[in-house]
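Take a look at these structures.
In what follows, chain A forms one complex with chain B and a second complex with chain C.
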Partner chain A sequence: MHKELRSHIISFLHAGIRLDGRKLTEYRKPIEVEQGVVKTAEGSARVKIGETDVMVGVKLEVGEPYPDTPDEGTIIVGAELLPLSNPEFELGPPGIQAIELARVVDRGIRESKALDFRKLCIEPGKKIWMVIIDICPINDAGNLFDASSLAALAALQDAKYPAFDGEKVDYKEKTDKRLELEKTPIAVTVIKIGDKFIVDPDVEEEKVIDARLTVSSMEDGTLCAMQKGGDFPLTIEDIDKMLDIGIEKAKELRKHL
Partner chain B sequence: MPYNERIDGRKFDETREIEAKVGVIARADGSAMFKIGNTWAYAAVYGPRNLHPKFLQDPQKGILRCNYNMMPFSSSGERVRPGGSRRSKEISLVTGKALLPVLNLDEYPNSVVDVFIELPQTEAGSRCAGICAASMALADAGLEMKDLVCAVSFGKVDGSLLVDLDYSEESYKDGPVADIPIAMMPNSGKITLLQMDGEIRKEELMELIEKAKKVMADIYEVQKKALKEKYHEVEI
Partner chain C sequence: MSKIIVQDKSIAVPGETLAVGMDMLPGSGTYREGESIKANRLGLAVIDGRTIKLIPLSGRYIPKTGDTIICKVIDVSFSGWRLDTNSAYSAMMSMKDATSEFIARGANLTQYYDLGDYVMCKIVNVTSQKLVDVTMKGPGLRKLRGGRVIEVDPNKVPRIIGKQGSMVIMIKDATKCNISVGQNGLVWIDGEPLNELLAIQAMRKIERESHLSGLTDKIKDFLEKNGVHRTNV
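Moving on to the complex of A and B:
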């Protein structure tokens, strides 16, 4: 379908450049992370990577723990691919794209143990905090994975508990108590087109990818979550290279937190 | 004790602070942001574009579709469950009716103009903020329009006639409250949205509507300024 676009992009990549003039492993500029943008949320952040613009809000609710983890709170990540943000998105319940996005963001946070779930426990077996993270793209100009992951982390960093008297949550009153973030897992999606690897794809590049690998890594380079996507397989050598790029680029993105 | 002084200190006919900007969503054909106090709306316009499924098409003219949605974290209370409610469906409907009179879609048979309104943060008056943003986004999309649409809520709180109720006034407990969202075409003075909950005398309602013309004129100026600003950045 995008055969000509693809060969055009590949010929550029072989010359070491992207259609918009970037290098292969260069993010768009500017990268902006703004915290506390939404007063009605317990925590919020807005991340812009080039023209891509994503808002994430955190709400805190009191609920019951799962029976198998009675002393642990939990996180819930939702993503809505708002038709406001992209002409190809449609109204309706979250499709598979939105679900994958939410799950990739969820795993980065959950598996890195960025939040200590035991600290979210109020009363073992009875009451826990549920940290609900909602991803809302405002303008999807590509790479929602990385922008959403970064925004989710920044929103968690910004979040403060609302007042809770043991019975009811008073959302009008925020306490000074913050959610404690133990780690900062950063997701970097590395794209393979032809035999080249790039990061931070724009809308056109996203249309012609062979494969993608979202790599979430922590400060010390330890991996905490991955997701392979795209229709083509990856060789072991590919994965080796993509992980290197992912870990390296995460360091760069982390500076914006 | 009558409501003689507004909780946030505003004059009776004073709106909350307004901020407006167009061209805020690069991928949309037209877009705008409208913020009034703590209520914050984005609107994106896509189209005129092909309409599917085909049976929805009108061979005589284009149709307008509006969708109003609160982001899950936009309410000061509990999380708003995504996916739309009866309330948001109704607001989508009346928003469409509020905007349609300024458009001329005769030139676009079988097509649709989609308007998506998203609210990241709300504190009363969200449908009106959405309508203000949407009318600016339609203009930004370059559609033929007879006028803009301005909207704000009016009301009566414990005997006092007010402009732009905030949450504390909407939910005022010590006396009766009437909440009246109004949308107006500022040049013709015609009204395209009128809803009310609460109690009010006919004379008082007419007084408020009379007052609306002045308030709408102020909002119109803010919208026009924002639309013009988009084209001010380049110097020759």
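Moving on to the complex of A and C:
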């Protein structure tokens, strides 16, 4: 369906330039991170990458631990792709896209051990804190993965525990105790179109991708999570190159946090 | 004798009374209520003889008979194609208006125009219910192959085209790009990457500065200053 657009984009990429004039591995500007945008949430953030705009809220609830990890708290990530953000999104139960987005963000935070789940335990086997992270794209102009994971991280950084007396949580009262973020896993999605690699795709580029790899890495460049998407396979050399780009670009994004 | 309330080329807001009396005629963007003529939308009121019309400053495209527009194919049916006109109303192009080629009974229509293709077409009729009929028979009306389509403010299209096409011809000459401007605010453009970007920047500049005088000279300077990246042919 997008054959002509694809060949046009590839001819641009061979000239070392993108449809909007960016270089191949250049993020859109400006990248803005705003924390504490939602009063009713324990922590919140709004991230803009170019025209892409994502809001993330963090709620803290007290619940029961899973039987196999009685002394660990947990995180629950949900994404809702609102129709206001993209005409192609529809209301209703989350689709493949929303589930994938939530899982990629979840995996980045979970596998990097950014949150020490043991510290979320209140009473082993009985009470734990559940960290609920909700992702709401306000405008989808491409690259929701990177924007959402950056926003989720910023919201976690912003989050403060509500008052808890051992029985009930008082959401109207926030304490000064913050969620401790031990690491900052940043996700960078590297796209393969033809034989070129780009980051931060816009809507048109997202229509014609061959493959994408979301690379989450930490401050020291350690990998913590990956997710492959798109219809085309990747060779080992491709993945090596994409990892290098992903880790390099994560350093750039981390400065905005 | 009717009384004209607004000054020529002043800004009018929706509902504002522009003139009172039956001598004056309401033009596009205005309507008559009782004796008075009122503005339909935000724009510049222009008095042209006995008619008052409104040049809109913003807003989406509204299909008008005779406009040449760029459309995207959104549906292929048994008898023709449904096109997205970049407005609230979609257009229908029937088989007989689509091509001068003979289309056999039961032929696969996607071989002519497939989903997602862009075509340049002309509006032949707009009903009162805003059902739009378009044709592709006419000079310059064709399927747009290669290149890309960008969106501009449809109200700025006359400025992008310029007087007798002067502005768009200047951009074409300076950048060696193929450019087709649709009156619905879609512009098709195809050229060498750097030149194409320059042409788009020039059009964005026209959009931003369309209200300023001496625009043609400014764009000329802009095109010269930013260099023409000529490739050897």
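We take it that the second predicted complex is superposed on the first by the 257 of 257 C-alpha atoms of A that agree within 3 Å, B and C clash if a C-alpha of one lies under 4 Å from a C-alpha of the other, contacts with A are read in each partner's own complex, and residues count from 1 in each chain.
Quick note on the criterion: contacts are C-beta pairs under 8 Å (C-beta built on N, C-alpha and C of every residue); 3 or more make two chains touch, one makes a residue touch a chain.
Here the structure is a predicted model, which means the values were calculated and not measured.
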{"item": "Which of chain B and chain C A:Ile99 touches, first, second, both or neither", "value": "neither"}
{"item": "First (chain B), second (chain C), both or neither touched by A:Asp140", "value": "first"}
{"item": "Contacts of A:Ile239 with chain B and chain C, given as first, second, both or neither", "value": "neither"}
{"item": "Which superposed partner A:Gly21 touches (first chain B, second chain C, both, neither)", "value": "second"}
{"item": "Chain B versus chain C as contact partner of A:Leu223, first or second or both or neither", "value": "neither"}
{"item": "Residue contacts on chain A - larger count, chain B or chain C", "value": "B"}
{"item": "First (chain B), second (chain C), both or neither touched by A:Leu257", "value": "neither"}
{"item": "Touched partner set for A:Leu5, first chain B, second chain C, both or neither", "value": "second"}
{"item": "Contacts of A:Ile122 with chain B and chain C, given as first, second, both or neither", "value": "neither"}
{"item": "Overlap of chain C and chain B interfaces on chain A (superposed complexes)", "value": "none"}
{"item": "Contact footprint of chain B on chain A as seen in their complex", "value": "37-41, 44, 51, 53, 55, 57-59, 61, 78, 80, 82-87, 91, 93-94, 132, 134, 136, 138-141, 169, 171-172, 203"}
{"item": "Chain B residues within the chain A interface of the complex", "value": "24-28, 38, 40, 42-44, 46, 49, 67, 69, 71-79, 82-83, 114, 116-118, 120-123"}
{"item": "Sites on chain C touched by chain A in the complex", "value": "114-116, 145-148, 190, 192-194, 197, 201"}
{"item": "Touch list for chain A against partner chain C, complex", "value": "1-2, 4-5, 7-8, 11-12, 15, 17, 19, 21, 204"}
